[in-house]
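So, here come the structures, one by one.
Two complexes come next, and they have one chain in common, subunit A, joined by subunit B in the first and subunit C in the second.
== the complex of A and B ==
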């Protein structure tokens, strides 16, 4: 079980943070373009699922799976979106994303007077704590599955 | 937990409010915050010490500040109190509440004094109402630890 990378988007689609743990293949485009592409995709999928899903949705958490990776989307009530890519077999990611939101984002960004809202996150403490939480989670392994 | 958050956030907003406006200098803004803290501390200590008896001496008052006042306001005690017994006291807080979520190290170091000004005033106000005139300054070398230096003015 491995965690590949994490994007955090604010409610307008601006990327606030990008974190990477294991990434074997680069996309070949700049980080901003990649972020826009990612945001566009999750926005479209979210509206697609809302319209076309045959069952009632559990709001806030969405995941899709390909042969190679699994993407998890966690959207908070304040419309901050956490997008996490992991390998196919990852478990417990919903709880992990919730933990990242409450224990890292809210603590070290919302309560940090030096972090302006809706701007990219520059706090080193946030990055350190995020890294710690991700590495401690059972879904993280140092060798890719 | 909820009540603590409100104080933190109001304090954050007070700091950014005071720094609004292009012509405001760092010193003016910090002085305003200190003044706010002074008025708060002055009245706060009246309320907090209503039950306890008179203090034995100056050192006793300092210990009160380090333990009871800090626990009431910041939910922890001062980690270290030093004095030269000549009217200078240094309070060490290794994990100051307002700085603990900002950084762990040197990032944002230049902005840290803004978040200490209110507390300096708070301590000064408390001591003033307990009969001690003093000057309180703060120093940060590495977040989130900081030092408050109290210099008692003897008449």
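== the complex of A and C ==
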């Protein structure tokens, strides 16, 4: 069980934050390029899912998995998107993402007068708290690389 | 336990077979009084709800009937324009029926070819080396399983998230594809599959998979 990395996007597709824990392979491009590609992918997946869904969707959470990793997408009502990559077997990530939003993002970014809301997050307190929450979650158990 | 539909994509990403097995119909009927609370718009020549979802009528639903009379596109069966009928206060109270629109064949082909780049992007953005593309895509109320064969043909099954044995079903469909499409002398590769025997066996396989207690074929 492990957590690889986390992207936070605002509603315009700008990357607000990137956090990395046990990622093993870089995509071979700059962080900005990768963020654009990732946002493009989740945007298309969302439109694909809305179209393909045979029933009405409840919005907010979707996940896909390949043979190596699982991607979780959590979208808040204000269209902030949290994208978390974990290994295939990770459990309870929906709750973890919800916790990151309510207990870390809202507390240390939304309530922080020094943090502009539509700019990349530079607060060190946010980064520290996020790291703490991720490392404490049961889905994170550090594995020697 | 339900299997909604099945898609087969050729190795170049085109849709070569599609079957809707058990698609639910989502329809809602309600009587409205004069200032209509829903905001309706014309999209793709259909009257769609664009704002104000309520009582099961969601944004993106399509107007299908007014006072029990069918609406095709923007027109009622007696030739009147649906939007004009809705604007006239004399017609109220009015009974409207909305339904979730089905994908048209064109949209299905379009969506199927959309999946190909998503599959490739998922490999590229992987945090682990040597990842495959998307195998299972899960939303709140449906699941899509995808199986890619060694030759690059993709089989996709859209089902209820609680449906079990989808992997076995995908392998079974692959077998049927090999037996009844590929071995058919009249079938040419990469072309849409039109084989009666394939249709029949596929239907049986889907029905078997839906039955509870199904483990492997």
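A few notes on this one:
Definition applied: the second predicted complex is superposed on the first by the 141 of 145 C-alpha atoms of A that agree within 3 Å, B and C clash if a C-alpha of one lies under 4 Å from a C-alpha of the other, contacts with A are read in each partner's own complex, and residues count from 1 in each chain.
As a convention for this text, contacts are C-beta pairs under 8 Å (C-beta built on N, C-alpha and C of every residue); 3 or more make two chains touch, one makes a residue touch a chain.
Every value quoted in this text rests on a predicted model; they were computed, and no experiment measured them.
More subunit A residues lie in contact with C than with the other chain of the pair subunit B and subunit C.
By the touch criterion stated above, A:111 is placed in contact with subunit B alone, subunit C being left untouched.
Applying the stated contact rule after C-alpha superposition, one finds that A:49 touches subunit C and leaves subunit B untouched. Of the two partner chains placed by the overlay, only subunit C lies in contact with A:34; subunit B stays clear of it. For subunit A in complex with subunit B, the residues that touch the partner chain are 107-108, 111-114, 123-125, 128. On the subunit B side of its complex with subunit A, the touching residues are 5, 8-9, 12, 15-16, 98, 101-105, 107-108, 111, 115. Listing the residues of subunit C that touch subunit A in their complex gives 4-5, 23-24, 26, 58, 60, 100, 103, 107, 111, 114-115, 117-118, 121-142, 144, 158.
Per the touch definition, subunit A reaches subunit C in the complex via residues 4-5, 23-25, 27, 34, 37-38, 40-41, 44-45, 47-58, 60-69, 71, 85.
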